[in-house]
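Think of it as A, B, C, D and E in the order they're written, each chain with its own count starting at 1.
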Amino acid sequence: MFPHRFIKPSRKAGLPPGSLVHIGEKPGEPVSITVMDYDAGDSFRELCLLDPDTISQYRDSQSTTWININGIHDTDVIRMIGSLFSIHPLTLEDLMNTTQRPKLEEFPSYLFIVLRMLSRQDGEIRSEQVSLILTENCVISLQERAGDVFDPIRTRIRNKGRIRSYGSDFLCYSLIDTIVDAYFGILESLGDDIETLETTLLTDPNPETVQTIRSFKRDLIMLRKAIWPLREVLSAIERTETPLISAKTGIYFRDIYDHTIQVIDAIESLRDITAGMLDLYLSTISFKMNEVMKVLTIIATIFIPLTFIAGVYGMNFAYMPELEWTLAYPAVLALMLGISLLMLAYFRKKRWI
Amino acid sequence: MFPHRFIKPSRKAGLPPGSLVHIGEKPGEPVSITVMDYDAGDSFRELCLLDPDTISQYRDSQSTTWININGIHDTDVIRMIGSLFSIHPLTLEDLMNTTQRPKLEEFPSYLFIVLRMLSRQDGEIRSEQVSLILTENCVISLQERAGDVFDPIRTRIRNKGRIRSYGSDFLCYSLIDTIVDAYFGILESLGDDIETLETTLLTDPNPETVQTIRSFKRDLIMLRKAIWPLREVLSAIERTETPLISAKTGIYFRDIYDHTIQVIDAIESLRDITAGMLDLYLSTISFKMNEVMKVLTIIATIFIPLTFIAGVYGMNFAYMPELEWTLAYPAVLALMLGISLLMLAYFRKKRWI
Amino acid sequence: MFPHRFIKPSRKAGLPPGSLVHIGEKPGEPVSITVMDYDAGDSFRELCLLDPDTISQYRDSQSTTWININGIHDTDVIRMIGSLFSIHPLTLEDLMNTTQRPKLEEFPSYLFIVLRMLSRQDGEIRSEQVSLILTENCVISLQERAGDVFDPIRTRIRNKGRIRSYGSDFLCYSLIDTIVDAYFGILESLGDDIETLETTLLTDPNPETVQTIRSFKRDLIMLRKAIWPLREVLSAIERTETPLISAKTGIYFRDIYDHTIQVIDAIESLRDITAGMLDLYLSTISFKMNEVMKVLTIIATIFIPLTFIAGVYGMNFAYMPELEWTLAYPAVLALMLGISLLMLAYFRKKRWI
Amino acid sequence: MFPHRFIKPSRKAGLPPGSLVHIGEKPGEPVSITVMDYDAGDSFRELCLLDPDTISQYRDSQSTTWININGIHDTDVIRMIGSLFSIHPLTLEDLMNTTQRPKLEEFPSYLFIVLRMLSRQDGEIRSEQVSLILTENCVISLQERAGDVFDPIRTRIRNKGRIRSYGSDFLCYSLIDTIVDAYFGILESLGDDIETLETTLLTDPNPETVQTIRSFKRDLIMLRKAIWPLREVLSAIERTETPLISAKTGIYFRDIYDHTIQVIDAIESLRDITAGMLDLYLSTISFKMNEVMKVLTIIATIFIPLTFIAGVYGMNFAYMPELEWTLAYPAVLALMLGISLLMLAYFRKKRWI
Amino acid sequence: MFPHRFIKPSRKAGLPPGSLVHIGEKPGEPVSITVMDYDAGDSFRELCLLDPDTISQYRDSQSTTWININGIHDTDVIRMIGSLFSIHPLTLEDLMNTTQRPKLEEFPSYLFIVLRMLSRQDGEIRSEQVSLILTENCVISLQERAGDVFDPIRTRIRNKGRIRSYGSDFLCYSLIDTIVDAYFGILESLGDDIETLETTLLTDPNPETVQTIRSFKRDLIMLRKAIWPLREVLSAIERTETPLISAKTGIYFRDIYDHTIQVIDAIESLRDITAGMLDLYLSTISFKMNEVMKVLTIIATIFIPLTFIAGVYGMNFAYMPELEWTLAYPAVLALMLGISLLMLAYFRKKRWI
């Protein structure tokens, strides 16, 4: 993916702030909303929401509710969520704009967190924007399309895992944690491919290799852009004094912060490694060129003088006394042999062969 | 545009501070002033001002007034504005000097904001300085020449958009927001061109390509210089305690701040990408040179020894027994063929062919 | 070691936080626990623990206890330690995950320190994670496998060294100090190898040299990643207000901090040196290529014209008057000699020979 | 100018602090002192001082006095100024040492400011140290030699400009402002020369061009060294709480600060541009080399096989049946033509011609 | 000197903290101690100490005492000093370890300052560690071996210079000042050598030049490492609130701070310059190679076709009508001349000759 693809809200230029305009690829499917509502006890409901208006009942209950929305291109749904949870117009605008960098915004009644869910398939990194809205009892997660990394969390909630006894802040933590954990897998696969490339570079360098190097570099620029700001987001969550996140859950956020640092570290290391690859390519090319030149030089340098001698005795002058001598031919051949051997000795001394 | 073109106040060296000297290109047209005056209700006037002195009536009214001045090269107009709104002499000097970097200056009765309005046509980036003066009820915007990106705002005011119910701070925000939104379009088009260039680099590298790379690099240096300081300006607006900007509008400025960060991010990514392009060019050239050398070497290395053999049997020695043998000629041809095949096998082993 | 090997918790993605999953190489041997318990007086016990449950008696005694655990892949042992010393689940999770970067975490009843024990054998750097848990009377150290750098400390404890009169904080300091001291040895040996490589570069540059340069660079990236965060850890220890570290011991931690800075300095210097090595390689290759080209040029440039002259007089035209002249042959030979000498003079003037 | 020329106080090593030793080039002329004394009214005196002792009368008067000293190599003059204005021995030492970097030092009774006055002639940048001492009523300016950029200020004072109604702090500001304004002119001329060089690079690259690039780089390093610290000086003046600078004048210093940032920005841009120039040179050289190689390869590759064929039929074997065929000669010529065409087609396919 | 030589305490790994082990080169001579004891009046004693125990009398007197110790490899002397002045064990350990970076440590009764005394002989920079211990009345200076830069200070003390009227803090300042002043001389000589090298690079580039560049780079890395931390030391001294340094002397330390910044500036400039030198070398090599290639190409391209023509008319076909024409030979010669001239014209057009 070419990095500037990351920003494209130009079609919105000139609209008033808070305008609900979807920016991003429009998936084929319609918007789908799923709700999981649970408490530490046995109360548990999971449903695929048909009528968005029923959300209000979960908003007001004491149990923890996770509302997951696949698809953010439907202005009506976004507006409905906005009015149900009293979301600021600028937040609603951001929800529909898939070109955000990770950020945290604190509002009196909710936290708004944007981050990027990444995956890598067939050597290409796909980036999807995930927005989280954390209120006292609810987490609303918004994805660009169906398909995510949250299934283990769904399983844990269904199986009455420890997560059931914590509140919405812990659910929010769990979602972020799962997204960050997925980064490790991407770096692992990218790192393996880079390692393979390095071997190729030394054995069979060619211009396609250069393009591969550049695409890895672009991937790393893109990862960096997607993950680096998350560091600040998490450290802001740690420092925040909002009552929406309990002290007990704060420690867990510190844990994700550590993971993010590890991911950034790994990205930087891979950047350092790919940085040197074009030089490696050039040095291999140079070395190979040198080898080629040496062979050319050796062959040419040996035969050019010999050919000259043969040329001299191919001249048609009437008076060339040597031509008549009986031993002249073997003597010239011996001379040629001698010259060749001398040259070879010189090359050996110069360490060219 | 060559970057040092950005600073050229040298003709002013030695003048006392506050001297009103226009620095920049002088447009052909005279200065024109337009005024829009509105409030949340039905009061709305839009006029093209002929007599500058009538401005005072808008200055004193309770409604919000936007005074837009196209052309800053007329000392009289600037001086008149200065005395009407009690502007500091140094501010007036800055208004007429088109080589400012974006900055915010707070004065007791007004905020002075300088930023750059950018556009890209035929691959060339044009930069125009826009100065904004925000007072309690007025926004004065000064541009170098007619033609700007503010038309959507004018339409929203005329159509009694939400903007009408906010004050001058929101108008000021809207103007900056529109300018920043235009940056996205420029980066988009620049990014597309850089992507195209990269393909050219690999298929048909030539010195003009190098010049294009350099012109992109210069464009990015220029964009960076024009946009980077805006970050500080906006974060200063966020932190400022001036009563000229209400808390409600402050949130909107945070939104532009986010956009600016996105723009800077994109510029940095494009810089990273163009940074590697000259290396890419060199590596493509190197690879092509290598290819050329290999062909030369193969041809020369095969034929030089054969030519030598032909030369030997072209010598005119009286006693060369081989010359008389019946099968000597086919034997020599066979020898030559054998040598060629051996060489080809060697090259294949070396992976040159 | 390829740097991304440093992070590999991807197999854990999706597990709930605090899940005890061993991440890292599993050593062959089972977990072994050794205990040293001592005070300033004559009380001293050293034993290899068979039954983990007996640890509780050391936990409660007033004497200082060092519990060293070789092997962190046994979930039962970790869980038992966790419950005996009331360790937070996230700490337990970190204990079993060998991909941590050095860090310090403060908990009310203990400090949790992670750092990396490094060694270099056969030119390869091995990195092992060491976790330290410092409580009021105990230090628990956890290593990935048997074999460490702590033997001198064991000897000093056995020989009733000064260390016996200090508490657990000093023991903790001593362990960290020993690990940091080992870094110097690694840098020394790495520095020697880099110095050797530089000589090779100038005398016999070849593609393997390039691979060696890259492996050194990777080693340095890895060292940097392992040691750089330690700086923050140690400066955090200095600034901490935990009662677990006495003021008297604080000075000693400042000493390790100084050592760490020295190590980082040395790593940076070696990075600076290896950074230039590929350029050095390329410049040597270039110079050699130049030499080769000069020889080729000289030989070819001298003989190509001579061979042409010989060719001319080898033509079979019926009317070539020179061919009949008596002195033509020696005259042509003299002409050839003259041309050669002229060329040589030209080359000498050009400083090619 | 080679950058290390900037520091040369080594001849002073070992002297006690406060020793008055002139460090720098000694100009031919003797020290000259001029005084301008003025107030907001009609009082104005300008004189060339013969007897230094008369300075004391200006020191004590209420009017503003500007004492300008051309030449700092006369120990007596410096010592006299020192005792008249109670200057600290270390300041006096600095006054005579022309290798200072720009700095601000606050003393209870005066501010000591060092900065560099730059000019560019015949492509060479000359740097002269200017020291300013600001007391309540006086500004003492010390230059290395006669000739400066202050003439416009002198004119404004003589013409009873606005400067006459401000105090010594405004005079001090004016002097610094004039020096900073001169930087723009230097950057302008340097930028023009760099732009010209870039064109030369692409049309006629040769080693002298490389030397020119390096001299520009050195100029920029030197400018940076001379101007960068000024930023801190000016921001320190803004923050200072000394009563020597009034709040009203403080705003003007902020203006110079802005200018300095603009200058530094421009220097950085030019550095970015010159940074890539050697690469541009190398790429042009590479491209030209490639062109040369292609011509060589095409000529050699076509003719070497043809010459071989000619050689074969130049052999003197007794039994070469082709030699007797009537059409052999035209057939061989046709074969040669065919081979040439084939080769040309191959080259065209490879895009070499 | 290879940079990693800077750290070598690996032989100490595992020893308890405070162990007195000498790390560094052992000089041949035994330790010598000299004492200078003076006050502002006439009291002055200078002696070479034979019995270390007599030091205690100077420690307790009111006069200022400078104890200079040449040689730090004698554990007994260090231990004796330690007990006389109540020095912390870690300080004693540092005194004997010559691999420290410059640092300042404050203890209640003394300041401990480490810095590096540098000299340059025969193009090699030698670095010696100097430790200073500043107590209320004493300065103890410890050097690795005899021979230092302090003689001017000794002379000033003997000659009853101003230094006699200040206390031990001023003596300490003077010692540091003298060491820093010596840095200027080293940079001057290094800068001259680098300037010379640059000329060599352009006229006669060869692999030894590359080695010289690298050794300069290493020298600069080493200088940077030795001097950079001094900046922090001096700024810490300025900020410190220890009663050991009087306010009056504080100003003098600010002066050394300025000098250190100048030295660091100069090092950075020289680094910038040497950074580009390898590129300069490569560009010169490239240019020379290009020249060589052009000559080869011109000669080969002209003569290869001519030789082919000669070869054609050297063929032995029975029926080659041209051979019998009377004017064929001069016509062929004319043809050859024509081809040569055409080629030369082409090369001239291409600007190769």
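Assume a residue touches a chain if its C-beta (ideal position, glycine included) is under 8 Å from a C-beta of that chain, and two chains touch if they have at least 3 such contacts.
These numbers come from a predicted model, not from an experiment.
Spell out the chains that contact subunit B while also contacting subunit E.
D
Write the angle of the rotation needed to overlay subunit B on subunit C, where the fit uses Cα atoms and the result is rounded to the nearest 5°.
Rounded to 5 degrees, the superposing rotation is 145 degrees.
How many Å are there between the centre of subunit C and the centre of subunit D, using C-alpha atoms for each centre?
42
Starting from the mean Cα coordinates of subunit C and subunit E, work out the distance between those two points in Å.
Subunit C and subunit E have C-alpha centres separated by 26 Å.
Rounded to the nearest whole Å, what is the centre-to-centre distance of subunit D and subunit E, using the mean of the C-alpha atoms as each centre?
26
Find every residue in subunit B that makes contact with two or more other chains and list them.
282, 286, 289, 293, 296, 300, 304, 307, 311, 314-316, 320
Going round the ring from subunit C toward subunit E, what is the chain order?
Order of chains in the ring, subunit C then subunit E onward: C, E, D, B, A.
Can you name the residues of subunit D that touch subunit E in the complex?
My answer: residues 2-10, 12-17, 88, 90, 99-101, 103, 105, 206-207, 210-211, 214, 217-218, 221-222, 225, 278, 281-282, 285-286, 288-289, 291-293, 295-296, 299-300, 303-304, 306-307, 310-311, 313-316, 320, 322-326, 328-329, 332-333.
For subunit D, which residues count as touching subunit B in their complex?
149, 151-153, 156, 161-163, 173-174, 177-178, 181-182, 184-185, 187-188, 190-192, 194-195, 198, 202, 251-252, 254-255, 258-259, 261-263, 265-266, 269-270, 272-273, 276, 279-280, 282-284, 286-287, 289-290, 293-294, 296-297, 300-301, 304-305, 307-308, 311-312, 314-320, 350, 352
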